[in-house]
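Some notes on the structure that comes next.
Chain naming follows the written order as A, B and C, and within any one chain the residues start at number 1.
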Amino acid sequence: MKARDMLSAHLKNRLTNLSQAKKEGRKIIGYTPGGYLPEELVLASGAIPICLIRGGDHSMVELAGAYICRWIDTFCRAQIGYGVSGEDPYYNIIDLLIVPVTDNHIRAVSDVLQYNTNIDIFPFGVPHTKDNFTLKYYLHGINRLKNRLEELTGVEITDSRLRDAIKLCNRERELLREISLIRKSQPSLISSKDFVALNHGSLIADKKVMVEILESTLKDLKKQAVVSVDGPRVLLTGSTLALGDDKVIDITEDSGGLIVIEEFAEGIRPYWEMVKLNSNLMEALADCYFTRRIPPAWFRPGKERLDFLIKLSKDFNVSGVIWYQLMYRESYKTESYYFPDILKSEAGLPMLTVESDYDAGEVGPLRTRIETFIETIRR
Amino acid sequence: MANYYDELLRLCGFEDEEINKERFRIEKAFQRLEIGSQDMNLAESWIRQNHDLELRAVRKLLGIWLKELIDLVLAKDEGKKLVYYGFPTIAGPAAAIASASKDVYCVCPDVVLCYTMGQIFNKLTPILEAGEENGLPPGHGLCSLQQIRVGGMAKGIIPVPDLVLTSSYYCDMGSKADELLHQKYGHPAVYADGSMDSKWGEFPNYLLQRANFLGEELEKTLSKASEILGIEITTEARHEGASRSKKLFGALRDLVELMKGTDTQPLSIVELEIARRLTSGSVSKRVMGDGPNIIALLNREIKERIKKGVGVVENGAPKAMILMAHFSDPSIMRMMENSGLSIPVTVHTTLASRIMKTTPFIAGEKLAEEQLERGPFHGSYGEIKRAAEAAQEFNVDGVIFNYLFNCRPIAMLSHLLKQFVEKQTGIPVLSLEMDVYDSRAYSAAALRTRVETFADMLRARKASSGA
Amino acid sequence: MDQKSLIVAGVDIGAATAKAVILERNNILSFSVLPTGYSVSQAGESVIRKALEKATLSFDDVQYIISTGYGRRGVSFSNRAVTEIICHAAGVSSIMPQARTVIDIGGQDSKVIRLDDSSNVINFVMNDKCAAGTGRFLEVMAGVLDVKINDMGPISLISKDPCEISSTCTIFAESEVVSLRAEGRGREDLLGGIHKAMSHRVVIMGKSIGFRKDVVFTGGVAKNVGIKEAMEDEIGLQILIPEEPQIMGALGAAMVAQADLEKLEKRS
């Protein structure tokens, strides 16, 4: 697929491009994943947003052991490892690291890196409940962020610049959504692995290039002939799907499972909602990113997301759910206890829970569990 | 009639008339708690071994906790409206609710279970195991305090409440556990949310909007509680709740000052914390009313000891401060004191003793400010800075940072706090991984080598600096 | 005899082995090593008896005894029990006073200890919960590769391309090594990887308190030249090993006994 090659080539050269852009005076803004950072603000200030979404490598997690104890989410410990080791060139190139503080694990990344490195970190709070006061606080946070970005770049984030950025980001979301919806009726056209690669790509690539790639991908998909395919349909959900953490998708697809839809707090760009171009753009951003967005498990209560998973399961006609989470992310662990009963009673579907600490030795046991699950839902 | 519990209750400060009057309730509660005569015998030797029963106030304090346990277990039987609040406490709103209506019983059930089933009966394990089997399994670093709550409800030991007040602004686990319980039992939950997004070094400053946000959330919990319980929470009730709390914290402050002012350690940290943790457990009339009087009695008894030069550790022992005391297993701190360390106070208790000087729990915003100024709820830096200040204020020789491995806000400081406090103050810090609610994996035996080594280190330091 | 004897003893009851050292005025008269076995108190009695035999002394000749190690509280005949961290530091600094960091890797735990210029312990970290990074890890791997424990270190040094062992858990690592072996990887490379992985666990643990020279390696695993070199590579400092690394705890206990006795004499 031509688009896939375009993306690979672009990502291969990304660091070179970023270095070049930096030389030209542009700012590179890193941010922790979770989907609560309105990239529009970064783009409108003329800076380049880069999501720090790499994971899967246990050596980074081990390195973090010299800075924090073991009992923190694996992906977050990996970020600490990347940040303190200087092993991740993206951490080295950013001028600012924005941390939308969602749960305590992400907060740990922020605190440990603030103490142990010279990285300039800007935390702002993402509340865990949806009411008037929490929305107000989130809005206050992104306004503070706006000021910080203007200060850093020397560029005023005018309504017109912000409007253009919103249109661009909306377009990206829209395309991802369309591609995602195609998998409802024709899942064989694009594998989960490829769709996730598009997501990951979108978190790092130049926005305009990414939109082109997505448009090209969509065009190609629409042209392709429909092929009916066998294989149990699966919804894959969980806490973090990092770039470099392929094992669960690989094993599932190797076992003949068809992952038709993914729902993750970190690693999959939220693409179901568009920013409405209201008169007050900051409020519009808060409305899309906070209010209308399906929240991750660290929102309480978590009913909205669980209801959404039921809806997705039914809409995408899945035969089973695989819940994949990383160790010690307690919000997900707790929900994984009572959700299977709800899933069973409301959708008649089974669920497999698997966990990872990014340890290579897990692959064998994971394979056993996933293969068995796929076999049982095949009938 | 063989009253197998009389002796234990007497050891816990119950007067004979109290026992006689309450027999029916006591027996009913013990039945539900599955406490028989065998357990009583074990409990008697457990408290004789681990508690300073010589002090009348200590016996009375154990008794207060037991009385709260009985009230908790029987609350629904006795037609009370039952409100559970979350720890870290939002005791402020709970105190206002408790003052608003005498039919409402506001309690933190897991803390009460720790101080009774743990400290008195040493029989917390079945409850923890029930928690593990009903949603919070081992091996995932899940909070054991929540395991106790879940297990207690699963075993039918503690009733399903009419309302849960959850503080959603510190840890993520408490609110999710309450959600799990809501899912199973259907009772309503109100979340007081907040955000810990301070920058490193920001403390003691904080954004006005952050205090406003938390304040509004706390007010929200009061209005929702009022709606759900069908009671009116008047301004008078708020004032009354605040002034009761003030009395209790005032008595606590006097106690802490006494411990600060003497070179000997007249009271074990185990007993100090039994007094201090009352507010984390319940805001009942008994706790708020009798509590201060008993602490005042304790203060008098301690003053006597100080006069006579009586200490629970040998004179000249190096002084150490720990972050917080073990809630359910007194043998852990006993082991620490027995390794030759004087532990006059905990970091969290010094923080608690500061509040209520000027800040009444009247309005949400005031409570929010107090929470932010206290340190831990401000952020990592706030917690660490306060620990450094406390160590210096109490002029300790060392700090044992006993971080709860399964409490994310505290565990994330495992390396940070030691590095910062040592650099800032020059005081040695032992970073000791622990679980302050459950001592199965982190027992006194398991922790002994590290603690004894640290005690040896401090002794050597003290000897060489004195020479 | 006019001169009061200053013969003291240190007894170190570890999970795998018990050690005893008989000391007189800083001179080691004798030492012994025995498997701990089932009973801690019996192990203590046996090992001190053996050391006394070697020195042709009787139990009454010993003025003061300190016990250390995981079983230290089960030694009824000792005057005092002192932790193995304090004792390892005392033992090492008695023969290598320039030591500022002690790395002790035993059968079931590992520690890194920092000393100041007066040889006082100023910082320490300890792992006693996880088998990886302890002698147990090597035992398991010796079984998998059918190699003698004493041969593991020298063979690992031959490796030119050590395997990447990425599992941190001993159980998982065992499976990983079995797979790599099945893929045809050679013994030296497997051992090279195993030694690197183990050293890495210990070094990461120690990193939070830092390594300062001279770095001394003690405990049963110190005899393994492969671990020594792997740690040297990672820390970037030379690592010294005492002649009898396994008895440093018992020696240190004996040194503490000596100091205790001297203090008592001064008082009387």
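Of note:
Throughout what follows, a residue touches a chain if its C-beta (ideal position, glycine included) is under 8 Å from a C-beta of that chain, and two chains touch if they have at least 3 such contacts.
Just so it is clear, the structure is predicted and the values come from calculations on it, not from any experiment.
Touching chain A and chain C at once are the following chains: B. For the pairs A-B and B-C, the larger set of C-beta contacts lies at A-B. Computed from the mean C-alpha positions, the centre of chain A lies at a distance of 47 Å from the centre of chain C. As a whole-number value, the distance joining the C-alpha centres of chain B and chain C reads 40 Å. Counting only residues that touch two or more partner chains, chain A has 66-67. Multi-chain contact residues, meaning those touching two or more other chains, occur in chain C at positions 208. Residue positions of chain B touching 2 or more other chains: 415, 419. Those residues of chain C whose C-beta lies close enough to touch chain B in the complex are 70, 82-86, 118, 120-124, 126, 128, 208. Within the complex, the chain B residues that touch chain C are 415, 419, 428, 446, 449-450, 452-453, 456-457, 460-461, 464.
The touching residues of chain C, counted against chain A in their complex, run 166-169, 171-173, 175-176, 200, 204-205, 207-208.
Contact residues of chain A toward chain B in the complex are 66-69, 71-72, 101, 103-105, 107-108, 111-112, 114-115, 121-129, 131, 133-134, 136-137, 140-141, 297-298, 300-302, 327-328, 330-331, 333-335, 337-338. Interface residues of chain B, counted against chain A in their complex, comprise 135-136, 140-143, 166, 168, 171-173, 175-180, 182-184, 189, 191, 193-200, 209-210, 213, 216-217, 220, 379-381, 403, 405-406, 408-409, 411-412, 414-416, 419-420, 433.
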